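Encoded as C-alpha cells, here's the structure I'll be asking about.
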Amino acid sequence: MLFENDITAFWITLQLALATVVVLLIVGTPLAWWLATTRFRFKALVEAAVALPLVLPPTVIGFYLLIAMGPDGPLGQLMTAVGLEPLAFTFTGLVIGSVFYSLPFVVQPLQSTFSSMGKGPLEVAATLGASPVDRFFSVVLPLSRSGYLTAAVLGFAHTLGEFGVVLMIGGNIPGQTQVLSIAIYDHVESLEYANAHWLAGTLLVFSFLLLLLVYGLNKRFDVVKV
Amino acid sequence: MTGNAQGEELLIAVAANFSSTLERIAQQFEDQTGHGVTLVNGATGRHYAQIVNGAPYDLFFAADAEATRLLEEEGRAVPGTRVVYAQGRLALWSRQAGFIDGEGQILREGEFRRLAIANPRLAPYGEAAVDVLNALGLFERVEDRLVRGENIAQTYQFADSGNAELAFVAYSQILEAGQDGSYWLVPTNLHRPLLQEAVLLKDSQAVREFLAFVMQDEAQTLIGNSGYVGAVSAALSDQPVINHAVRE
Amino acid sequence: MTIQVNLKVRKGDFDLHAEFQVPGTGVTAVFGRSGCGKSTLLRVIAGLEEPLQGGLVSVNGVTWCAQDHSVPVHQRRVGYVFQEPGLFPHLSVQGNLEFALKRRRPGEGAADLDEVVPLLGLEHLLLRRPATLSGGEKQRVAIGRALLSAPALLLMDEPLAALDARSKDEILPFIDRLCSAARMPVLYVSHSTDEVARLADQLIFMEQGRVLAHGPLAEVLARVDSPIARSDEAFSVLHCGIAELEGPCHLSILRTASGDSIYVPRLPLGEQRTLIRLRINARDVSLCSQRPVGSSILNILRARVTQVSDADGKGQQLVQLRLADSEEILLARISEYSCRQLEITEEMEIFCQIKAVALLS
C-alpha cells in the first residue's frame, strides 16, 4: 500500500532527478569540454575534485553542504547577500546538493566522449564556415549523442538513489524535500516493512525499466555511429 | 577493552544518545570487575532489526521502551529483565545566546524560519516534541516551519550548523557539547515520558552484574549529571515507571 | 592578385619560418620531406594554429592575419582538404556537402552541387553514409565539400597520402580536373614529385621549417642547387603543343617551344587540351655533342648548356639546359666521366636524347 506521502515522495524524487540532470548537463558540458581539451598543468587537480563524490560517502558531501548553507557558510552568506531565502531544507538546496553528488556521473562520460571525438571534426567544421556555437550544435552534440545519453541516465539514476545528501540537508519535508529513499528509510526504521517493500519495489522496477530503455536506445544509436 | 583471565567479554548495543554516558560507566565497571565491555552504538530501530536477525548482543540499552517491549514479547529477550535505566529530558535549543528565554516564549512569538525536530515516527524525542507543540497549542502555527531529522543527533546538527534557528533536542546533547547558546528545558509534564529501557538478551553473571552496576547510585548520579533523569528519581516522580531492577 | 605569407611558428623544438609570395591563381605546390613544416604552414594559414607575433597572411588583398588582428578560421573563407577525409559520420554524403553549402557566404561564381557532384563523380554516393565509402570515395566527398564552401583559397594537405595506390590513381584525375577548373588559388602540400609535376604551376620548396625556393614550377625545378635537382628524382617539366594527334604507329606528335618534335603514345581522340605537360626525369636524358644518327630513341631535342654542377659528390653531374630558342629548361643527370669525354661546358650547343617521357596533363 502506498501512502499519499509516498506518492508525493515519488514525484519529488523524479522532479529532483530531472532538475539535477538538466542543471548538470548545462554545467557539465563546458566543464567536461574544458577537461577534454585543456593543456592546463594542474588539470589533474580539477579532475580529482570532480571525481571526489565517487569515493566520498554522500553524508560527507551532505555534511559540508549543510555547513556551507548555514548562516556562516559561503553559500548561506551568498544567499543573504543577494537577498534570497537560505537553501537548506528547500528543493533548490536539494538540487544543488544533488548536482555536487552526481557531478562525476555526468562529467566523466561527457569528457571521455569529447576526448575520443578529438578536434578533427571541429577543425573541419570551422574551415567550412561554422562558428563556435554552430560547431557545438551541428557537430559536437550529434557526435556525442551516446555520451550525452549515458551521462543523462547515470546522473538521473544516481540522483534517484540519493540518500545521504538529502538526509543531511533535506529536513524530510513532505512535498518539498521528502524523497523516495528517505521515505523508504523511514518505513524501515519504523518497522513498516510492507510499505517499505512497495516503495523499494517500485523504485527497483522503475530504475530497471529506465536503464533498459537506455541500453536499448544506445544500441540503436550505435548502428548509426561510424 | 581489556579484562583479566577470569573476566567475560560483554557485547552491548546502546542507543546513540546514551553511548558516551554509558562509555564512562563501562570504563568504571571494567576497572572494578575485570570484565571487558564492547559498546555498539546505533539507532534503536536498527539495533532492534539486527537483534531480530541474530546479532550477538548480550545487553541492549534502547532509546525507548518500545523496542525492548517487542523483544520481550517476541521471546528474544530474557523475560522479566526490562528496566528503565534513564529518562530523557527534552530541551528547545538555539546556538544563539539569548535567543531563547527560559519559558520558550520564542515559539509563540514566532521569530524564526525553521524549527528542527526528530522525526516523530522514528524517534521518541520527536514524538515528545510534537507533544510539547500540541500541549502549547502551537503545532498548527509552526507546522510548515518544521524540518525533521532522522534522529536526534541529526536534529541537533541542523541547529548547530545554523540552518535551523531552533531545535527540540536532548538536554544531554547540550550538556555534552558544552556549547554556548540558549535553551529552554521543557517541563516533563508537557510530553510523554522519554523512558529509556534496557533488557538482557543473554543471561549470564557478568551481564547481570553490568546492568546492576548501571542501576546503582553512583552510575545513576552520573546519568543524572549527563542530562537525564536517573532511573531512581524517575521512579520517585509521578510518571509510570516500570522498574524491575535486577539485583543479586 | 597574390598570396603573401610571412609566418613564424614555434612548436617545442621545431621552428617554422615561412616567407613567400606566390600568384593568387593556379596551383602552388608546397613540397618537402615529412616533418619539414608543410602541414603546420597550412594549418597556420587556415587559422587552426596561431603564429608568433607579427605574422602575415594575405590572400588576394584580404588580410587574414596581421600584426594586430587575426580573422577566426570560420570567417577566413578557406577550403581545407585534410589527409584524413574528416567526413561527418552522422550525416549522409549529401548532408556533408550541404553542411558546406548552408554556411557559405554568397560569392560570385562559387561552385554549386550540380557542378561539383559530376566533377568528382559523386552522383551515386549522395545517399550513402560515410562509413560505407571507400577511402578514395571519402576523399572525393571531402574535396567536394571544401569546394562547396566557396573558398577564397583552397588548401590541400596531402589529400592522397592516406590512400592506397589504387585509390590514388582513381582520385588523381579528379584533382587534376579540379585544379584546372578551380577559380580560386590552391595550395597543395605534397611530398610526391609525381603529384607536384602533374598539378603544380608554382612550387614552394621547404626544408626543416624554411622556404628554400619558390617560384614557377619549371624555374624552381631547374635550379641545380635545389634539393630535388640534386636528388635521384630530379626532373623537369616541359609544355608542348599538339602537332599531330593521329601520328604513325599509334603515336601522337607534340611540338616543343623550340620547334622540335616529341613522340608520345597516341593521345585519346577528342583531346581538348592545346598544351600538354610532360615530365622528363633527369636520369632519362642523355647528351650528345652531335645529332645522333641511327638511334632507336625518337625524341631528340636541341639545347644549350646553361650550368654544370656536381650532383652528389659521387661521380654524377647535373647539367642544366635551355631548349633552343625558348625559355624551357631541361635537367640531365650524367656521369662525370661522360661529362669530361664530351667536354661539356656552359654555352655549349648540344643534343638531348630523351629515353622516356611521362604525360602529365
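Note that the chains take the letters A, B and C in the order they are written out, and that residue 1 is the start of every chain.
The definition used in the following text is that a residue touches a chain if its C-beta (ideal position, glycine included) is under 8 Å from a C-beta of that chain, and two chains touch if they have at least 3 such contacts.
This is a predicted model, so every value here is computed, not measured.
**Student:** May I ask you to sort the chain touch graph into line, ring, star, complete or other?
**Tutor:** Shape = line; chains linked end to end, path left open.
**Student:** In terms of CA centroid distance, which chain is the most far removed from chain B?
**Tutor:** Of all the other chains, the one whose centre lies farthest from chain B is C.
**Student:** Using the average of all C-alpha atoms in each chain as its centre, how far is it in Å between chain B and chain C?
**Tutor:** Centres of chain B and chain C (C-alpha means) sit 91 Å apart.
**Student:** Please work out the Cα centroid separation of chain A and chain C, and write it as a whole number of Å.
**Tutor:** It comes to 55 Å between the two C-alpha centres.
**Student:** From the C-alpha centre of chain A to that of chain B, how far is it in Å?
**Tutor:** 38
**Student:** For a test of understanding, state which residues of chain C touch chain A in their complex under the given definition.
**Tutor:** Touching chain A from chain C are residues 46-48, 72-80, 82, 84, 86, 88-90, 99-100, 103-105, 130-131, 145-146, 149.
**Student:** Give every residue of chain A touching chain B within the complex, in rising order.
**Tutor:** 63, 66-67, 69-73, 76, 86, 88-89, 167-169, 171-173, 182, 185-186, 188-191
**Student:** So in the complex, the part of chain A that touches chain C is made up of which residues?
**Tutor:** 120-121, 123-132, 134-135, 138-139, 142-143, 145, 224-226
**Student:** Residue numbers of chain B touching chain A in their complex, please.
**Tutor:** Going through chain B, the ones touching chain A are 43, 45-46, 48-49, 113-114, 116, 119, 121-122, 146-150, 154, 157-158, 161-164.
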